[in-house]
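Here the structure is laid out as structure tokens; the discussion comes afterwards.
Per-chain residue numbering starts at 1, and chain names A, B, C and D are given in the order in which the chains are listed.
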């Protein structure tokens, strides 16, 4: 690898970006970053300018030698990049608000990454990301693309199947689980080993170990007893201890949408009546954040960013950069092709799992036997995901309908069809290739 | 094979039995049946007597030379039998009524073979059938067991995994589909070829052929246009043409419980308010039938039996006997171990599929690529089925909870647990090995 | 299907053709053949003329209404054909003689379809057959191609992977096994059921059944006791009874090349010294046959053809035509994609197996568990086959070397390389796309 | 884990043991070994005493606090051990001499771990090691068993399938490859990453990486150019550069027995004529070593041990102890159940592969697509291995015959049977459970 690193950040005007900059600055002794190029679309120019200015102030404050570029020129950003990071949102927060609201009209979970909301996001995102991948193939064919764009598993599988870009999908959920479980077990995070397996936002810590002891049952007991095990942006519906015991694996916070449908739907509906959807709350937070970022005296990541829900986001991605660049061969939880890890699943299906990361890339760890309770749900959701990818790439109404009808959060095909038609209508601008 | 055939019918006092007797009498030129032994439990003595007397009158009328035995002695019935047929119902129609009513209390589909109802039936049935299998292993080890006992797929898989009995699971749904589709295509049933694949009561006619032409799309169009495609005992909610077109495979009538949950649940609730559950209606029909059977002048199957919902039941099982005994190597749709037919599924998972049947047994036909929309649902339901079998065999509350939580008709674990507790309470008498 | 059938026979000038014509004439009541178009290359014009004239006399003799065409115009032959049959030999019998002689120089089995000889034949044949397939795709896209061209399994897999033609690979070995085993068991052939599985010329009758009884052990005992179990064109080295008993499955005659290498190689070397290779013997037989065919008084298949070694060749292919055209759904042993039949093998690997054939095509029968002794060899030979196909299609020396090195009949890579170089030199005219 | 470690060494009287002791003494800062118990059989008492005395002198010299026990009491050695290491040889070097000589009589490779020699060793070893495992299950159920006993892959699979002992199979070949390749690439060993995959003594470095660059082709070029790439105990037949290039993966030294049969067999025969087999040479070396070990002034591992052929043996096993005890999560090449790593192979087939080792055990790394040239040979050899295990456990002549007939080094069943009968006769004393 080169001795200097260029990072390209697609969707650089995101409110999360200061966290990424802070992460880079903390790691300069082992990550020789010399250029960061933030790129965004025209509608994001203003935010991009604010973020770039803050970045320059942050770099200057610590006296680092990093060139900060910000532009609407995606190809310039990608050219010769060592790592391309994606964190954009097609349609912005308004599209997210729609994704959350539409399903609720039909008494179905409205969530930005799972269920019909995640489906709509995937339809909007896949064509754009495949377009970006063509630029990477042409301009930085050896670059690693670290994809944070949600639904991260679906998007990563689309990239793996329809481009030659080296990509790894990433999510902050597994890191958060590591931190929360370590805290409840009163153990340093690096002494807790989680064997994670599943799909993005449907990942189980199949087994938890401390010092060679399997502590899974103990962790489940604590979670069942009500210890904190949620993330900022997910309603913390308590877990039933009997269910956790029967499951025998630690669910991720997002599993509530699959297992505790009634309570989660009720909460979403109540909360939509009160304060609007999660997207609407985020819009307010964002406005406040950009207000802060604009302060010319600010030269560091403001504390308030943490309430935004993206904890460990920067750490997850920069630790991956570190593992690749410095050939660490450390274990990370990532989204990569299955390749036999879950033996009944196709080799090219993207899963989220514990994997060793080094300069040669990512190698999932074998996981052995899984309960049918886990593999059954994985197969069902993967079927939804693969149909969604095909629908997005082919612009096929039929595939889209079967995708939604296969999603376990959509209990009925009549509702599936009504929701699909509503999504297609509402997202008309972003689905030009989509035809009925 | 022997030149004379003994059939043992477990649950011989069933109201369906006259149809079976009629079927045997029709086939005497190629099936040399010389003994039929009907066996039942003490509570069924009265019905058994009525059925046996009718059987004797029917045999006498056609001048056949068949010994009719009826007893409570299961071992005597099984001893040296060539074929053992099972059609019993643990707990009788009252248990079925419970199976249908309990889920409705929790706004969940109440059906005797799918969802929580079928789950309860499996828990009651599996220990009994494995007990019968021990008798067969000891007293008629070469006998073929034809299992009609529902949920037929689950029960057949339990037998395959926990006994050495040669068994084939059987259902009248695929035969009915063959008949209904042939009728709507105005083609003789034997000129229509359906490639059936899936699980019991979750089987698709993956492709339909007439004269070497793939007519699947045409059939789907007719079904979508409202042609009759339901069975006597399932509410005929119309199918959405767009959905059928997107699915690209012909669903079975029971698929309505998975795809059209809202309408089916609404109908069940309405109908429960009006006329009681399906079980209650059946109890009335049965009473009427046995009234008829008792008529000493009756020496044939009464027409009224057909309204009972078991069309083609006798044909399905006796055609199988014929295929085995006479080495026909004809194609039947049966429940047998997968053995690679659906390549992502375990070899020992029982599936329902088109298979060749001869004197050497059953060989499924390879089916090739299936859409994720089909395999996803199969994996999810098979996970439920396998957990159910383990729960029944081990008497495990945890496995039972995970089974119900994995069933796609049970949308939420809180309801899953409430339903499970209700089922265990209500079926206490039939689940002696079950412990919490 | 149409009410009249056109057959196109590629390599129509073969000495086997009269058998095919006889087969057609025997089946006219259920196969309405109205046209047979024999096509060959320029070098075969003379033989083609002789065969066509004989065909016309045979047709006339029975008063059939079949148009006999013979030409060098492949496209005319294929145009609108219902079935295309291939039986050509690239390079003719001289190429076969080379295939048999080259390996012997290196102390390796020299055989026209297995080992290095079959490899050379595959390299010559695959480009030609894929070219033919392009014509079929364009001119008769609904036609079935019945491929007899050896190595039939390799060639069929190449067609399946690199064209869209509907094809079935066919061989007379399984039919011959059926006949020989029936004879030794003194049972009518149609009452013997063989479950065949493996690869072409590496096929086992995994189990043999008569009247529902597994008679595999009995058959093995008879074969071990020296009963005739060979084919005209394979040296009848006796089988060791202990080995057969340990194997527990009935090997095909060609298995001798894999299991009895020493004896087969010794015989080949002795026989090459005496009477020349098998190809040289066949050339003499052929010359005699064409002498006979030229007789203007001959209007039927001459008896002498039977000594040519292609017994049942015509029956095997015309029974397949019958099964497809008349939707017989009968069981045949054919070469088709695996699709889960051998569960550890890729779905698109072509295997030779018992399968049901009807108007919708071919569906292999599930076979269940196989001994590692069988699957190990299948995997090894399939690896050789797949590398051979890739070598032929890509013209890759590396793939060709790995193919030969992976063939179990080639015990050493130094010899593999020497043989490969010899084959490439000798077959230079037929391997234009092949580069080093 | 405990704060003090007990090691049990089965076959403690081996001439290798001083290397192990040295390895322990080097690692005392992070491996708190407080007891080593060497155990051997009665015939080995003399050697055991010599080794134990040397061990005590070595421990004393560095002032370590380690209790050295030596006894014939296997149960005492195993009781409460943390790690059990096996390095015994049933039948001693005389049995090895037989293993090497018998096959040569039939013109077949005679080698102690592959081919018929390894087969004979497996038959002798498996019953003994399963007996040891019963002791471990009873007396040290949490202990890790590190199995060096050859054939290590076969023996490890037998343990995995027929006991509940936690075991890892180990070999010094992959470590040696790492060292040799690093040397030829002039790179520190820890900067070279090999992705190893295959079976024991049939392992390929599928890909080699330095600093994120795939250097496989470069390594192959150097090996083809004649750079040292062999081990002390294997004849260094040069590799053909064209073959290596076509293979595209780095073979292990033992691959010469499969790929370069002619040269290896010729060398073995020549060498047997001259200096006796390898076993006979080793006997001499051993006698010299024990002479040295007996010297009461010796208190360290003598340099001469290195010529014995077991380079890195101690490092390989103690690095594994370290990785487990200290939860290093480092990558080692070990023999463990496949679990999807090679997707066409059974989950419970033991493979040799790169894997992460931590306090929770071993997790293989996914390896992705492999060439058929690799998987074909793996399947063939695994078939041999699995039949060998079944033969050993069941004492089955039939399975033994099929095992040998399936071994690619045995080209013919007549020879397979002759060799088998010779092996059974010669090893009569060690195969009490074996019956014909």
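Structural remarks
We adopt the following convention: a residue touches a chain if its C-beta (ideal position, glycine included) is under 8 Å from a C-beta of that chain, and two chains touch if they have at least 3 such contacts.
If you want to know which protein each chain is, UniProt gives these names: A, B, C, D = 6-phospho-beta-glucosidase.
Just so it is clear, the model here is predicted, and its values are computed rather than measured.
Distances between chain centres, each the mean of the C-alpha atoms, put C farthest from chain A (6-phospho-beta-glucosidase).
Residue numbering shows that chain C (6-phospho-beta-glucosidase) and chain D (6-phospho-beta-glucosidase) use the same positions for more than half of their mutual interface. A straight line joining the Cα centres of chain B (6-phospho-beta-glucosidase) and chain D (6-phospho-beta-glucosidase) is 55 Å long. With each centre defined as the average position of its C-alpha atoms, the distance from chain A (6-phospho-beta-glucosidase) to chain B (6-phospho-beta-glucosidase) rounds to 45 Å.
In chain B (6-phospho-beta-glucosidase), no residue touches two or more other chains. Under the stated contact rule, the graph of chain-to-chain touches is a ring, a single cycle where every chain has exactly two partners.
Across the assembly, chains come into contact as A-B, A-D, B-C, C-D.
Interface of chain B (6-phospho-beta-glucosidase) with chain C (6-phospho-beta-glucosidase) (complex): residues 1, 191, 193, 195, 207, 209, 211-212, 214, 324, 327, 329-331, 337-343, 347, 354-356, 358-360, 363-369. Of all residues in chain C (6-phospho-beta-glucosidase), only 240, 242-243, 245-248, 259-263, 344-346, 371-373, 375-377, 379-384, 386-387, 397-399, 401-402, 405-406, 408, 411-415, 417 touch chain D (6-phospho-beta-glucosidase) in the complex they form.
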